[in-house]
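After this come two complexes, each holding chain A, first together with chain B and then together with chain C.
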Partner chain A sequence: MTATIESMQPTFAIMCPAIVSILILLFGKWPNIRESWTLIAAIAQFLIVISMAPVILAGNIIECTFFTMLPGVDFGFSVDAFGLIFAITSSFLWILVSLYSIGYMRSLNEHAQTRFYFFFALAIFGAVGIAMSGNLFTMFIFYEILTVSTYPLVAHEQTPVALAAGRKYLAYLLTSGTFFLAAIVLTYYFSGTTDFVNGGIPNLASEASRAALMVLFVIFLLGFMKAAWMPFHSWLPTAMAAPTPVSALLHAVAVVKAGVFGIIRVVCYIYGVDLMSALGLGLALVCLATFTLIVANLFALAQDNLKRRLAYSTINQLSLIIFGVALLSYEGIEGAMMHIPFHGFMKITLFMCAGAIMVASGKKNISEMAGIGKKMPVTMIAFTIGALGMCALPPTAGYITHHLFVHGCEEAGGSMTIFPYILLIVAILDVMYFFPIIYTAFFKKSKDGGDRRIQEAPIFMLIPIAITATVSIIFYFYPDLFYISDLVHTAISGLMGGHP
Partner chain B sequence: MMIDEILMYAFVVFWVAWVAVSKKEPGRWLIRFCEGPLTTFATFIDWNVGRMAGFFVWFSRNPAAALSIKGEEMKLRVEIPGVTPEKAAEYERELEELRKRQPVGEPMVRLNIGTAMLLVLLFIALYLITILIRGWLAP
Partner chain C sequence: MLCAVEHFPVLIIVISLLSAFTIFIAGWLNKKSCCFISFATILVQLVMSIFILHHVLTAGTINYWLGGWSPPWGIEYVVDALNAYVLVILLFLALVCVMYSKRNIEHELPHKIVSFYVLYQLLVTGLCGVTVTGDIFNMYVFVEIFSLSAYALIASRGKIALKASYTYLILGSIGACFFLLGIGFLYSVTGTLNMHDLSLLLPPLYGNRMVQAAFGFFIIGLGIKMALFPLHTWLPDAHSFAPAEISAMLSGIIIEVSTYAFIRVCFSVYTVNFLKLLPIFDILCWVAASGIIIGSVLAIAQDNLKRMLAYSSVSQMGYIMLAVGLSVSSHNELWGGLTPALMHILNHALMKGCLFLVAGAFIYKADLWNISDFRGLGRKMPYTCAAFSLAAISMIGVPPSVGFVSKLYIILASLDSGKFVFVAIMLISTLLNLVYFWRVIETMYMKQEEGAHDHSSSRRDEVPASMLIPILILASLCIIVGIIWLAEIPMPIMDSVNSLFGLSGGMT
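Up next is the complex of A and B:
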């Protein structure tokens, strides 16, 4: 039996980055103090978030309501098991990215560092707000805060390329936001509420026609362009103009995960598995995800710029999460929920490695990285671990979720039983674009003999890389690290009962 | 162990063996296809999406003038093959006059990115605080 506990804990967790953003501005002239505040806030936020896990695992929901906007629409937070998974991932990775940013920004002597840390904190404020939103309305507000606060990070370099990337980013995501708002209004019109309900809003099916529900679902999908599903994906590779910690934030922690998080919320907590199945939307979503999975991998094969290749890999992996939830089976949804933190850790490792290579050697293209593995062994071993995870090979977290997706297809039955073979093709394509990077780094010899001055990146950058790579392996042996596995099971039990 | 897993390991072994023997990555034809036709197609789509967005921006500056310009352009395309060069030149001049009614860009006050975003966020915060206070004060 689910019990609701009123507590201010979610508010404290969300306010940590908001408060520290003001302190960052105040202490902008003292870099050491400014960055200490960032780290303190990140650690405090993670501790508050993780302290909620035992309460949630006991079957409770933590709520905190501020005001009622309209009858049935509150502004407030509601922490359930699924939301907590996203919050734990975001808050823990914020600590590591903050540490990494110190090394990166100082090594490259980047301009406007106070602005960078300020908007970085605000982006985390938006991401954790999304994770803890109790309904679509609250989620929308934080969704827009996340969009607006990440624009200056994308355009940070202020070069024409960076500014153009920022404009494209805003154009896509603000347009997406208007679709999201339209979908919220329609949901409210049909059902009189925008709350997330385990198994879906009960009266949505009875109050709206079949066609209306299908149209509403399409509007919701357009509202979640942050998930970078094709053909609305091109903002993501373009946003690679940003500094690497921002790319890591966009691709592993905040923005793209907010997109897939929203899609899972809509599928499982607005429509519900039964209604999705009855409308045939599961198969449609699987087809969309499969198209993105394959085409994104083909695009990745054509990229020589490392960050752009990783960006296409992200598009592929996000679609894997959408694919999992669209299977509408226990193990499919389990894989989708678990892949949010697992992919977060693996992909952030890859991005941080790309940044470390850039700082240490100035190289951005894969073709220039011959022999770099011997000069930067720690970085490239961590990169190899992350790449193995993306290829769903053991001993990494990616292997666990790949298995769940394959089992999910079998559990779904019918036409879904063909999809494990498509997943196999996708994994093979992953190998085809990740293995050449490892091969180039470790086994190819540089034509000019290589730059002897190249060495590992500063220690502030290496520590987070080593931690995330290690955690990617630990998840393979112990998926319950940070309560992830237990939280996923609690979330799915609420949705579908026990394992079939 | 499932069949897809065995096939996956087989491919990894094949990839490594191929590279070890031939010193080249397997699947060059696929990579060439991705670098060539696929990328060209993607760039074409991206360029057209950008053009479409640009059109909407241009259209929104003065929709009435935009509609007449598009109408005139359409008329010219249909009529030009059948008129004399002098008449065609006259049409072009008229169109140029019409195009002047559509502002190319508007003068704007430019702020730096940080200040602009800070202002936007301040407005959001102010809005939230107002709503919050209203909610608390309500009976």
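Up next is the complex of A and C:
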């Protein structure tokens, strides 16, 4: 019943940020006009993307092809349920982050704002392109565009620290890009195609030997350093030198999500679940993810800088997504796919709160935040909601996905059944580093009696924070907001048939 | 009765040569006219070359007998898809450079305007001559014409440039000698100088030591001319001390035309069958691969931007030669044969042309040579720096730029010939390119100017439009042509070249 529909919708969605980036440059001298272009494009893009959902839910795939790059490889977009999830997440969050950055950049009177908005729009262009590409080559093109366009954002402050962070960022991610290219070319060499196929490329297993496939998978993983799996994670905490909206972009909207998105694409749509388990790669990937899960949380415990602690939490949560897909079971993959938007909303709340605290009080370290909860109640309540989500506690979206991961482990059976206990340990560690922040903010009294001038951040920043925090809770009661859970079910039933 | 287009090969040369003398005389009367005459001539040549390309693709090879003497007695000009393609590239870049040169030369060489344009026109004549001729001795003559004009043009800035030019003169002459020796050997064995005739007479003699030695001479001779890795020593000095447009021509066209001559000798004088007798091309691959890596490593060590670009050219010539080396063993219809090599000839001309012109713009505006002095340039010269960034990103090979397409095709070709090690070389080279180009981008945009605390303090100070437009044209082509390659629009040219030389999968 899967039908392919030719439509220009994906192109329109992708062109929104591309066109607006040019408009931003042209209207650089008039900040109000410049920012309204960003908002208009963000909303337009979201509407186009969400309008594709009913069509996709009916079991169709929306395609538009431009030209053939290599025999068997077209340059074009092909939107399926999984891609649409990522596209919806990043385009919706773009609206909020744009609002937020208007507040943030203007309050701090940041320099080079035109450059900032220009590259921000380009990064969204890359992210949505990744979400909608129908094969690995197209994906690679947008993947590299995303890497290069985020560099000026990471190094935005232009201080030596920021420059070093930018350099490290590029060194890791472009190196990883070459691995990705190598993996793509090898896949193409073996199978003659790089299209994403439900259940994997059929002739991959017959054309390449077991050892070759294993090596190829390792190259693929190296190609997705954007997913910040350990020990290739250190670019991410370093990149915290960037302004907070950029951190939000990196962590929730685009960059790291592109990494895990890519891993899920490779596991489910290039290798396929059956081939993965036949090669024993599932268990290997689970072990890798578990290692990162625990070690990242241990690192997080040691951080005093709030943004760095959140960065390690992101590394942890990304590995959770990898963990879920590596279980190769129905509910594991379901959890992994759902966690992409869920984690996006929760983590962006946390980052925007961290930024709001910085704008309002200038404080970056947790130890300085005593009593801040009373001065900035809205911000800190939103922060608490996000933190609850990270710790997998109800009533937040995080609970749902963790629940699915545990079920996924049981469903996978065998040696996988010990992993729920590890997830429990990880959740306890989460609690250990998030609750002290909340405690410090609400219950500790600051020594100097607190600065009276501290008050809530500007309204432009509070609105997005409130929205994302609310959405994180709504997801708990109604996971079908923005069609997310339906899309996930459509995607998985394409992959593995019905629910077992 | 020949149709008009079939006269164009000879007209391109004659017009260019006459124009050189016209410039000389007109320059006496009015210095300002030189540039316009040169521009007009090259524009006409470019239009002709496009007609030639179209004619070659639709109606087949053009054979023009000079003076009506039939070959092998007379000189013959033969234009097939390969020459026509190279001719278009070379004239296009020459046109862009001449447009750029107007203000730059008035600024840099105010007393030598006339001689500059005379020599420039002779350079273009020589390059066109090498490209269109079908006679190997005639090719040698044209190689000498363009080399001699290049020596003089490099020396035109005086002082240290004289030394650079002298080194190039010595090495270039040695190269030309080897080339001539090779021709002499072939002539003594076969008694002919016509390429087509040679390719018919040579096959029974492939075992002959003279013929094999001649091939060795060709490799060494042209290897020097095209700065193939161990023979590249003249290049960094020559590139860095020449005026900007000459650097761009040297790097973007002159060494490429020498590569064209090499390809022509390999495939039109000798044939694929000869190349399959000995493992020459396998060795060539390894030489090229070491050139790719060492050129890049040396580029990292440079602080002078033009020297860095020059070493990068050594590495990029490695790309082209690696692709030539793989051409015999990779048989795919799309990326087999000479396709990646020809592709990179165009791509490198665009990227390096743009980069050298930008380097010239920095020198023109603020006399900045060293990368460490580029702080804050991103604000002062936004368009120039943006063009540099685009070209640099292409060199690194970020899609969908031209550099990415070349890299992809060379990787696919090496997989096709089963030489996996070159895949690794290409990928490592990407990272090395990243190191030395990103350093420049970072300094231009991200590092603060010393003493400037206020961001708005540095005013915009761009180069004049006649210099900016060529830069921007080349930079935007770096992306546009990349997409055109990805869409496989120019592939008929490539297919026509490959089938001509009996390369590539479908044809064997």
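Observations on the structure shown:
Rule of thumb we're sticking to: the second predicted complex is superposed on the first by the 500 of 500 C-alpha atoms of A that agree within 3 Å, B and C clash if a C-alpha of one lies under 4 Å from a C-alpha of the other, contacts with A are read in each partner's own complex, and residues count from 1 in each chain.
As a convention for this text, contacts are C-beta pairs under 8 Å (C-beta built on N, C-alpha and C of every residue); 3 or more make two chains touch, one makes a residue touch a chain.
Quantities reported herein were computed from a predicted structural model and do not represent experimental measurements.
After alignment on the shared chain A, the placement of chain B and chain C results in a clash.
Using the contact criterion defined above for the overlaid structures, shared-chain residue A:55 touches neither chain B nor chain C, since it reaches no partner.
By the touch criterion stated above, A:182 is placed in contact with chain C alone, chain B being left untouched.
Measured by the number of chain A residues touched, the leading partner among chain B and chain C is B. In the superposition on chain A, contact is made by A:140 with chain C only, not with chain B. In the superposition on chain A, A:392 makes contact with chain B only, not with chain C.
Of the two partner chains, both chain B and chain C are touched by A:158.
In the superposed model, A:112 makes contact with both chain B and chain C. Residue contacts after overlaying the shared chain place A:170 against chain C, while chain B stays out of touching range.
By the touch criterion defined above, A:122 lies against chain B but remains apart from chain C after alignment on the C-alpha atoms of chain A. With both structures placed on the common chain, the touch criterion links A:67 to chain B and to chain C.
In the superposition on the C-alpha atoms of chain A, the part of chain A touched by chain B in one complex and by chain C in the other spans residues 66-69, 75, 112, 141, 144-145, 148, 152, 155, 158, 166, 171. Within the complex, the chain A residues that touch chain B are 66-69, 75, 112, 115, 118-119, 122, 141, 144-145, 148-149, 151-152, 155, 158, 166, 171, 231, 234, 298-299, 301-302, 391-393, 406, 420-421, 423-424, 427-428, 431-432, 435-436, 439.
Partner chain A is touched in their complex by these residues of chain B: 2, 4, 7-8, 11-12, 15-16, 19, 25-27, 30-31, 33-35, 38-39, 42, 45-46, 49, 53, 113-114, 117, 120-121, 124, 128, 131-132, 134-136, 138.
Chain A makes touch with chain C in their complex at residues 66-71, 75, 111-112, 140-141, 144-145, 148, 152, 155, 158, 162-163, 166-167, 170-171, 174-175, 178-179, 181-182, 185-186, 188-189.
Interface residues of chain C, counted against chain A in their complex, comprise 333-335, 393, 396, 398-400, 404, 407-408, 411-412, 415, 423, 427, 430-431, 434, 438, 442, 445-448, 455, 486-488.
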